[in-house]
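Take a look at these structures.
Each of the next two complexes has chain A plus one other chain: chain B in the first, chain C in the second.
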Partner chain A sequence: MGSFRLLEILAGFRAIISFLIIIVTWQSIASLGLVPEKYFPSILAIAAGFRDMMMSGELVSAELRTISRALIGVASASMLGIGLAVLGDLFPSFRRGFAPIAALVQPIPPAALVPMAVFMLGLGPKLYAFIVILVTVWPPYFNGVAALASVSDVQIRTGQMLGLSRWQILRQIKLPAAMPEIFAGIRYASSISLIAVVVAEMLAGHDGLGFLLIRKAFAIRIPEVYALMFVCAVNGLIMNTIVNGLRWKFAGWQSRMTGQAA
Partner chain B sequence: MDVVLEARQLAKAYGVGTDALQVLGGISFAVSRGEFVSIVGPSGCGKTTLLFALAGLQKASTGTVTFNGRSVTAPPRGVAVVFQDYSRSLFPWKSNRDNVAFGMVRVEGLSSAQKRDKAQEMLEAVGLQGFEDKYPWQLSGGMQQRVAIARGLASQSELLLLDEPLAAVDAQTRADMQDLLLDLAVRFQQTCLLVTHDVEEAVYMADRVVVLTRRPTVVDHEVPINLGKRRDQITTREDPRFLAARHDVMMSIRSSRTAAPATAA
Partner chain C sequence: MSILRSRQGYSALVLPVVLLLAWQVLAWRASTPLFPGPWQVAVSIWRLYPQIVGQIGYTLMRAAAGFFVAAIVMVPLGILLGRLKAVGSVLEPILDMLATLPPPAVVPIVMLFAGTGDAAKIAVIAYAAGIPLIMNTYEASKTLHPMATLVARSLRLRRLETMVFIDLPASLPMIATGVRLAVASALLVSVTAEMLLATNGIGVFLQRQQENFQIANGLAAIAFISMVGLIVNDLVQRLERRLLFWHYRSTETQNDR
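Showing the complex of A and B:
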């Protein structure tokens, strides 16, 4: 019984515990000298690199640029994706016409878009907007189209019986019903948006985390490179927390209904 | 008699040419104000197709439906449908009160506070006080169907179209719900049309039973049920007039079933 209680308490801290396990493993590998310290710095060295970049201010400014690019990008892409899905729902011919374009553009990796985007849009904010939107619009769009099409016909007939127009049914019944699936798409889009922004900054940027990472790598500042990798990982968590918060507001009923945590 | 709903020579075919499936073959009947009419027929006779045509949800191929003297081409105001599949008819993102209030979404001249009060009143009428702030998925099947009924009543309906509303609930709940529906129909002056495959239920609930044939479906005959408005689950079901009506309806359904060619329903 006592050991059972202990397990329960441990389960409450599982995120912290797995993080500690990673730190301890990392530190042991580094201090045992299994790999050259130059390429696999200790946690302390990484922390020192992190502190240096914080002190110089370069990390904060790079981080703010990167995360805001990703956030603005994924927010616009989500709006656009939902808008296109709604258009596709109202006009099936639009959906059919748009399908080949989507099929063609969707598989292009973000890195492959960068040269063309630089020629077309230069190196300014338009570059990031273009790349992020072009790679993250698809999950909300495809999920939106599928979810809007699969709304229960009984719910739609209920709306018709209550005298709702097609547009009102879309806004008051189909969109709320589709929200959980749309948010699953946005969640996925938010992680690709971070990748896309960092890749674009690495290839064509003059600021942001990706740019800083490349600069530190060429300067062989290994601890800083690792510290920046951690920052990228934390960005993923931040993004996920924001998206989950919004999902709870707009589609939380589904989690409550199925009894799962966000 | 004041006719609320009338179907004249209602026919519906799916598909065209030799592949066409004639489902409804010219159905005519009328429902008067305050009446409770049941429609029964053999499986696959197109009861749901008929109900959708009556509700204005689906166009008939030929024939007309009139509601309060006006031709039905789209869902008319004053008609509510209670669907069999209550769990897919209610909105899981809305509380029970909001689901019921949504019945008044197009009702004008009521403030949202008044709609809220009205929703509360309807939930109490179906016996769900205390469940207003819960969600449909927190309720049992029978309770969910009560929410859907309350929503129909809240929409200021005068005609309730009941599409096998109790087919998915357990037997004891079904008996309670039958009595609840009968009580609500009188209290809120609803004209009711119940579509069901359950002959006992059809006879128990109705003032008149319309018996349908197999496809292409027409009205076989009508059976008046002279049992008065007050029904009782035990004594009504033992009444010789109940048994005679049940016998009559069952016989005609059996004869159309045995006459049916072996086709997929």
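Showing the complex of A and C:
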């Protein structure tokens, strides 16, 4: 355990080192004037832009909107995906009927949905929920179906031998066994959800980080644009942390059994 | 046996048909052009398909250009980073961070440097396709079997030769996964980029339909996008199976044992 800690600390340092390298390279490019300063502001200017947006409160409210939309969308998409996967596992004919629908809906880009959905759903939370769910439900669903189908026969037979009902086998044996794979799907879904929300906000043009990005870009407030991109990247890290925490709760048995860190 | 199979075929059709009918009924009850049913969409497809196919052609060309730019830059870079461990491990967190940045968020910056022409759109697509490519290539060449390196050394290959003849082929199966993700995201992002940086392409077509309140036409375009996405993704998978037959053959025989 001790050596493991040390590695973790070193890994943390590595991130800091590479972060410092970015800042130094960025700053030297900016101050050498290789790129017009208007387009490539210094770190200080970006930090100032960040501070201005924090002070005016627009960043905080946009950030809260964006991340809550993504979180609500992913949470409901995961629940729906798992539910559909369970349905597909109980009724194979449902799975077969759902397959062509999934194959056709999956490749639709979120951007293409926005203009049409605005008319039907307005600019409120319904729009974002619809778009995020339609885009992110597939990874948990597909992984769930595959994982539920591949639960080992021995485990199911053991459950039957213990006199568990079909429902109990599903809840106590199959779902926990499928959770690690489902969470791999949710992890992927969470990264697409942020993309979908930002795209939708850019196109719907009402509020949120995506809207703020477009508005600052058209107002040629370049330092603010870079600061917002940084916030977008940090959002990805936040989502990852939340999903990893949940995975530890619901699928932690796997990491504990195989002895690997999450 | 054949009866059983045809019955299974029917049951697979039931759900889509029921959904289409439900949609049609809802559309009838709403009876507004803002909520068209599948029938109106089919009519739009019939009326507009030459135009839609033409616009999708532009979109696909741009997606392909972006993808190839990304592949030419990112695959060699990924192998290089995997080989030069020190550089790779320092740059890895940067890659992780870029991977969490949604591709549309780079649009405003690209707009500054490249305007709103084809170059800008191709740059955004290349960024979106490049991230999965470099992540997978880097991961593959980093975790290469140590034996491969030893073989390279005993053959007295130079560094560049090792990268071309050993690292690249050995990383191909994982690069293929990256290619699959990259193609999918190139298609997604090309539509988005067109909507934000408008000139032509299916994204612009969609927006024009929205501005004219022609929802059925828009849904017709979406149907085409989804068909094209389905076909392209399927082609990529087939191509991967054909080109990497040696990889699949070896994993299959391993499973047989």
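We adopt the following convention: the second predicted complex is superposed on the first by the 248 of 262 C-alpha atoms of A that agree within 3 Å, B and C clash if a C-alpha of one lies under 4 Å from a C-alpha of the other, contacts with A are read in each partner's own complex, and residues count from 1 in each chain.
Going forward, contacts are C-beta pairs under 8 Å (C-beta built on N, C-alpha and C of every residue); 3 or more make two chains touch, one makes a residue touch a chain.
Keep in mind that what you see is a predicted model, and the values were worked out from it rather than measured.
On the superposed chain A, the two partners chain B and chain C both fit, without a clash.
Comparing chain B with chain C, more residues of chain A are touched by C. With the two structures brought together on chain A, the opening angle seen from the C-alpha centre of chain A toward chain B and chain C is 90°, to the nearest 10.
Of the two partner chains placed by the overlay, neither chain B nor chain C lies in contact with A:S31. When the shared chain is aligned, chain C comes close enough to touch A:L228, but chain B does not. Of the two partner chains placed around the shared chain by superposition, chain B is the only one that A:T158 touches, whereas chain C remains out of contact.
Judged by the touch definition given at the top, the superposed model places A:I173 against chain B, while chain C stays out of reach. In the superposition on chain A, A:T241 makes contact with neither chain B nor chain C.
With chain A fitted onto itself, chain B and chain C come no nearer than 11 Å, counting C-alpha atoms only.
When the two complexes are laid over each other on chain A, chain A has no residue in contact with both chain B and chain C. If you check the complex, the residues on chain A that touch chain B are 152, 154-155, 157-158, 160-164, 168, 172-173, 176-177, 179, 251, 253-254, 256-257. Contacts from chain C toward chain A in the complex involve residues 8, 11-16, 19, 34-35, 89-94, 97-109, 111-113, 184, 187-189, 191-192, 195-196, 202-203, 206-207, 209-210, 213, 215, 218-219, 221-222, 225-230, 233. Those residues of chain B that touch chain A in the complex are listed here as 52, 55, 57, 74-75, 77, 79-81, 83, 85, 88-89, 91-93, 102-103, 105-106, 135, 137, 155. On chain A, the positions that touch chain C within their shared complex are 14-15, 17-19, 21-22, 39, 93-94, 96-101, 103-113, 115-116, 118-120, 191, 194-195, 198-199, 202-203, 210, 213-214, 216-217, 222, 225-226, 228-229, 232-237, 239-240.
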